[in-house]
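Common to both upcoming complexes is chain A, partnered first by chain B, then by chain C.
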Partner chain A sequence: MEEKSNKVVGTSPRRKDAKAKVMGKAKYTADIYESGMLVGKILRSEKAYAYIRNIDTSKAEALPGVEAIISYKDVPKIPYALQAHQFSLDHAGQEDHLIFTDKARFVGDEIGAVIAIDDLTAKKALSLIEVEYEELEPSLTIEAALASKGPWIHEGREHNILSDLWGYEDGDVDKAFTESAHVFEGTYDTGYQQHCHLENHVSYAYMDSEDRIVIVSSTQVPHVARRIVGQALGIPWGRIRVIKPYVGGGFGNKADVRLEPIVAAMTMAVGGRPVILDFSREECMIGTANRHAMRIKIKSGVSEDGKLKVLQGEVLSNAGGYASHGHSPTLVAAGKFVNMYETEAVKVENRTIYTNLPIAGAMRGYGTPQGVYALESHVEDIVTALGLDPITFRKDNFIKENFVNPANGMITHSNGVRECMDRGRELIDWDRKKELYKNQAGPKRRGLGMACFSYETGIYPIAKELGGARIVMNQDGSVQLMCGATEIGQGADTVLAQIAAEVLGIPFDMVHMISTQDTDITPFDFGAYASRQTYVTGLAVKRAANEVKEKILRFAADEIVDLPVYMLDLQDANIVNKHNGQVMAPLDKVALASFYQVDRAEPTTSDVINNAPVNAYSYGATFTEVEVNMRTGKIEILEIFNVHDSGKIINRQLAEGQVEGGMAQAIGQALSEELLMHPTTGKTLNNNLLDYKLPTIMDVPDLGVDFIETYEPTGPMGNKGLGEPPTMSPAPAIRNAVLDATGVAFNRIPMNPQRVFERLKQEGLL
Partner chain B sequence: MNRMQINFTLNGKDIHLEIEPGETLLEIIRKRLGEIGTKKGCGVGECGACTVLVEGRPVDSCIYLGIWVNGNDVRTVEGLAAKDGNLSEMQEAYIEDGAVQCGFCTPGFLMSATAMKENGRKYTREEVKRALSGNFCRCTGYKKIIEATEKGLKS
Partner chain C sequence: MFDVKKYYDVDNLGVALSLLSKEPHLIVIAGGTDVLIKMQHGWNQEETELLGINRIAELKGIRMLDNGDIEIGALCNFNQIEEDATLQENIIPLVEAAASIGGPQIRNVATIGGNICNGVTSADSASTLFAYDAKLKLSTERSERIVPISEFYMGPGKVALESGELLTHIIIPKESYEGYQGRYIKFARRKAMDIATLGVSVNYRIDEASGCFEDLRIGLGVAGPTPLRCIEAEEYARGTKVSEEGIAGIAGKAVLSSHARTSWRASKEYREHLIEELVAEALLSITDGVRGEEDE
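Presenting the complex of A and B:
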């Protein structure tokens, strides 16, 4: 099904913010200055697990330039959840965090803060504070946390289990295993990954003349931040205003509300004077969130004729010291067991465990990269053992259109995964190279691998999905578009403006985008997460644009042109006869009249907060060719292609940018990136960009991208989520290519040279 | 410590300042002169977001002392467009080729790429990558940055 041909949607106009960004004019949080701004610095625990018995600030207080020192003694004891989950969704009881704590749960936990006239004074004051710890035995692995005799990291969470709820079972698992000709088992481990957005976390706050707290912050979720600050401080939410300027990347990390409650407490401590909290890179890498390290166990049963009959899984996830998004990414990882392969029976158990390590939260993909890594590695192990063709097996067993997810009732309306596989196979020249790389024995061995994924767009039906859009038509017929969706680099402003232009029938340049979100002004919206904005907020923009169009056409019919409204349309900024395209009046003339006509002035606006009780599954596949150096353990990616079914592509250039960036992050996850913690102290060892092996321009191979454009009937323009999907299938595809090249199955990522070298040695392949 | 006088040009404008010996060029540009286009991503010379040109050479301004630019010509992202507002060829190429996402690394990349363009040399793809290897980007996977830089070098 195709809608009428588009004029703006499906093209790649220049992004709305590109000029400001190449000129250095785009203002990010730290670029805005308030007169008399003070500097806040956080006092962090040096111990992984300890009660704070005393804190002596006398020396620090005596330092000239110190304006205030606050600690756990001075802030409300109201536990709150750090994550962006909607209010009603806090069902897991994840309110486990205080602004400052007297029980440190990881090295870097926040116990107090200094507010001083400048950076240097604040740092010096921190070094003068004496903290008395009563140390406890830290749990630095999931196993240690489960075996601990207490005290539990969070009171009431016995054996440090944050949650083991929402396991899932469908069909007769035992019967399916009994009937299976082959049974396979495997365990797959993923590491801690850090977002490393180029702009560190930063917020500043002050109190206005009405004692309202104004927070300017690098956040993905301004409306959520307002709610959480209100909760944490126990003050009415309407007394808080959150403003989001340009954001230098988030990838889920800025969907936690970490700095905002702290910086609000800071300004309150100094009588409302402005205070900035600007994290260093080192601080950002221990004091924000990470991708959950997971251990996923899978048992599967396959019939004689190659049907995947049954999947049984256990997902164990390391939450670190606080819940943040807690159990939800675990559930998303587990969700792969039901929405990728259609089986007769499925059973999955989930456990999310607290440890005394830095917090894990939302990171692009939200559990899916871990789940897909495990499942797609396991599927490869099956086809390898049975000598089956990996593409054929996946195509035969993958879910099809009209599949109803048994766990949540959501229907797959569009599914181009098989076409993605066909395209990937062709792009990488799979069949020829597969033949070529048989029976290699040299010091450098090549192999091919592939993997698929599925992913939800937004979070309905787990929770509500609201998108906000407001359109005001100007006297010249151009419009201002204001959305609750946040631009954090992904291009949301541009694609939402494209949708507005398309629906309105005006050129892209006539849509003026308000990029800043301000909770006092901006329509309510939950913000940037779950690849939702072009889909959920896009529906709001479409509705708002339709309303404006309807109103201006009605005004034109009533006041300006000699045709009834049902015969009119807006095209290329003209009011036209919709049946023959004849121009009846230019839009600017009608818009002007709508403001100044003496008898009837009726400026055209719309203000929509749209409830979107829908979800759409995105699909795709990665194909890659690697070369493994058998002497050094170094894996080189020679070619890699991601092919995506994200429905209709609104802007090809921006979509490619999303895919390429996501692939690079996944390549990092597969080969080099891992936050390392000391095995006995729990201290993070590589919280800087030198030692944390973030891919440089030299490390990322040429990235191949293509799209299979299905039409998703629930999306505003036939589109579905794209932001996160690129991170999902590269890691298992690389792992499977290494298996193809070497015969060795790596069930733990990252596959860095040391790990590969040691394993090859162990296997006698060196 | 004794404060020191420095004179330099910033994007063609004469600057006379009295600074602390420990002040970095980044602090001077951002805090004293209010030019916020140059970004701080790490503060220790790892990420390249703060790259500016000193005498045409890219440096990490976060670990470059202010006193070292005495008598020098310093350029930042604000100095790339012409006086009439026309963007440079490199800026145009970055927009056209989709090399900009969150934009936080963009000023640094543009300065490194502009230094390459201005020295007039020919660069192979590998040399382009090598010359930009001091700049991190987390959004783009670098592909469109490489393509845009090559286009900017050619035009």
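Presenting the complex of A and C:
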């Protein structure tokens, strides 16, 4: 049942933070000044795999302006997990990280730090530190890691396998293959991708008068950061306070708790004086997380009449030197074998492997862009080989409403994927162009491609989904809304304020958003991750707003108006007769009375931690047209459309922004972005924005965006996830368009010009 | 954060040259878009002493000399070059090269003098200056000399600037552009903010009567450790028909002059393939009047 919509949800009011950001008034971590702030710099390993035998800091310590030098010798040896997985989840074994290590596991691994009066002194001191390494044979590919005779990168992880658990099998795979008329096999590779959030990682910390550690940080997960800092340092969690000011993007990279334990150890080393740790881009690109590079093998069986009967495969994932999110993105990639196409049988195995390379962690889509790239490329290979229509085949085989995921019991309540495909087909003028581009021979060839996806909004039932919201009504009827989950640039504050305004029946401007999260003050919430926030935190906001509304209506009924509470409603900041809309009293008058009425006092507030035992599948499709320069290997995207089913769209303008950003990120993944490491030393070669080819605005074509608005009954406003989905289908759609244009199937991304040249040459097309 | 030992800011050429003669270890800084990046990555800043020349009026401006040569001040930035009417009329490839550099902010500060004196093979203006046989005016406090650009590049990051010497002007001789046409193609992974995988500048004169190349000069960037000319191809071109076949022959020869090498940025094989393709593309735009799109 669709709920009757008011006036705020479904409109695009100005972002809550637009003015602050445009006027430069929004304060980010590095904008906040503490007097006497010291500067921390990390001492990083120059070797991919080595024991640190000694660190000679004598010269550096002698340098004037150096306040302290700390290393693995000075910090607790309590292993902790970098990632924001929930405490309740048993991730033993992913707790593989120390604040500083005496065993370097990749070039850039953190072995110590300098704290000095300024940036230059700290840098100079770093250059004066002498590190004695005992080098080990590094494993710089998954194959090398598996073949290694040890020592294992992490003790107890035999053959460097981080995990191979939770493979999945359903139905009779052998029988299904026997009964299939056609069997296909393919292997699909994706590269290391960097988040490249605009604001690099930055944190500072100091100790307050009570010796509590206060950390101001550019994080997606302040409450989780508090816990992990406590664990890493072995101090009670309540002695740590984490404050999150404005954040300039994270894309999952700031869902790792990476700087906070270090900066806490730094301030402790200098008696609680403030210390800032502000990564450069170069540092950010080697010392934080990346999208897992994966190799996905797929074998499929298709019946005579075009039914996808069986999927079998393996996901091999490169974790780099530490687990971070470890095996989870691998499992999410493997989930595509189950939650996209409904088959008779399915079998998938997963392995996540440690290597001596930079760390892989959470990145927008969390394994799904890799999984969807593999599966949607494979499906295209099937339809191409069998001469089937790619859209019809997908529509016939994709999961439908009421599908129950056999792996986790998750129910599909809404599903507009087929409508997304229809709309995309129309937007790009598919049928006409398909006809037009048959039999091309020239040096520039055009092609069309499409791909689709499904994706879970949150992480239930794998783990709990808590959302925190607190609402306080003021004397004029306006409210403060405080959420536990974080605005990191995605627009969550605005959308959550819209939900509050909608439920409360007050104008959007009467909801004052508290954008800063402070673990001492803000309600608990696991943070900004997955595509959960408008969905999970939205449910908390809705409940909190309903509570406040109920309270103020009860007060009005008791004290001000002559109607029972069940006859009252709030609309446009007025208490109205629910039956006929007649205004009974303005809200500001009632709110004021609630504060000053002599014989009655109670707060019109709510403080909600909402447990949301629900999850919802989002869907979408990408349609694109490309032109391949057969001479130079360059691929140009001429048109591209993403059509999403994310349920009800709460704010179209923000939703479009979200989709455009995700598409650009996926275009980079498909065509140009790849972190490269030296094949023998493991050193990152292109950790800067000149050599790491993040597309510029000129490299991204006009991005077409549309929505199929289904109604998701489990969501607060009929909505479901949209944050990550835009990154999921563009890469395979582009790959499939290149296949259409050239007849060549690229099973490795990014498809950069040299790679395209080499493949075209191999295929005799050059 | 920067912390240099000393910084002079001068607005007069004489003063700059005399300072440079007294303190030859001074590092000249014009737009600073190369110098500051080097300083951030490894230079010992406390030992660094800079001579800022950005406000020297004598080194600015683009003008046509009485003899028809075009003189470009070393301090002209790429925005000025892109928008200059004399260059737009006479030396299109330089305008195209200027437009391909970095992004608007960089083009507003990066100078052509700095581009050349930095000595890298990927400098976008260099291949065109090679194709137009540009001459460089180099001055010290006491002397002045003219050096052809082909003799200026000594090796990667090394140019023939002597102690106390400043590049003051770049001169494009009239004989290099009058009756000539040209085209610059920058092949890069991105359409902005990128370094060339290969830069190709062609400058040619066609004999209308015979439909043959009367003269052709090809300057390449990133085809070797320094920018270079394709002598074999140029010799072959003279008298060759401006036709698809003729052009294919020239493009094939262009590879002979190159010294491309494999790096993690691109393989030798791919760079050589690009030399052939892009030289052909630059020249083919003559035959069909259609311009390619690589430098958009």
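Things to note:
Operating definition for what follows: the second predicted complex is superposed on the first by the 763 of 766 C-alpha atoms of A that agree within 3 Å, B and C clash if a C-alpha of one lies under 4 Å from a C-alpha of the other, contacts with A are read in each partner's own complex, and residues count from 1 in each chain.
Quick note on the criterion: a residue touches a chain if its C-beta (ideal position, glycine included) is under 8 Å from a C-beta of that chain, and two chains touch if they have at least 3 such contacts.
Nothing here was measured: the structure is a model prediction, and the numbers come from that model.
Contacts of A:G249 after superposition: chain B is touched, whereas chain C is not reached. Of the two partner chains placed around the shared chain by superposition, neither chain B nor chain C is touched by A:A601.
Contacts of A:R631 after superposition on the shared chain: chain C is touched, whereas chain B is not.
Look at A:N752: by the touch rule set out above, it reaches chain C but stays clear of chain B. Look at A:V565: by the touch rule set out above, it reaches neither chain B nor chain C. Of the two partner chains placed around the shared chain by superposition, chain B and chain C are both touched by A:M698. Contact with neither chain B nor chain C is seen for A:A181 once the two complexes are overlaid on the shared chain. Counting the residues of chain A touched by each of chain B and chain C gives the higher count for B. After overlaying the two complexes on the shared chain, residue contacts for A:L690 are found with chain B and with chain C alike.
Of the two partner chains placed by the overlay, only chain B lies in contact with A:E199; chain C stays clear of it.
With the contact threshold set out at the top, residues 689-690, 696-698 of chain A are in contact with chain B in one structure and with chain C in the other. Only residues 118-120, 631-634, 636, 672, 676, 678, 685-686, 689-691, 693, 695-699, 752-754, 757-758, 766 of chain A touch chain C when the two sit together in their complex.
Within the complex formed with chain A, the residues of chain B that make contact are 34-44, 46-47, 49, 76-78, 80-81, 87, 91, 94-96, 98, 100-107, 110, 129-130, 132-133, 135-146.
Chain A contributes residues 12, 14-15, 17-28, 30-31, 33, 195-200, 246-249, 251, 280-281, 488-491, 653-654, 656-657, 660-665, 688-690, 694, 696-698, 700, 702-703 to its touches with chain B in the complex. For chain C in complex with chain A, the touching residues are 1, 3, 45, 103, 187, 189-195, 197, 264-267, 270, 273-274, 277-278, 281, 293-294.
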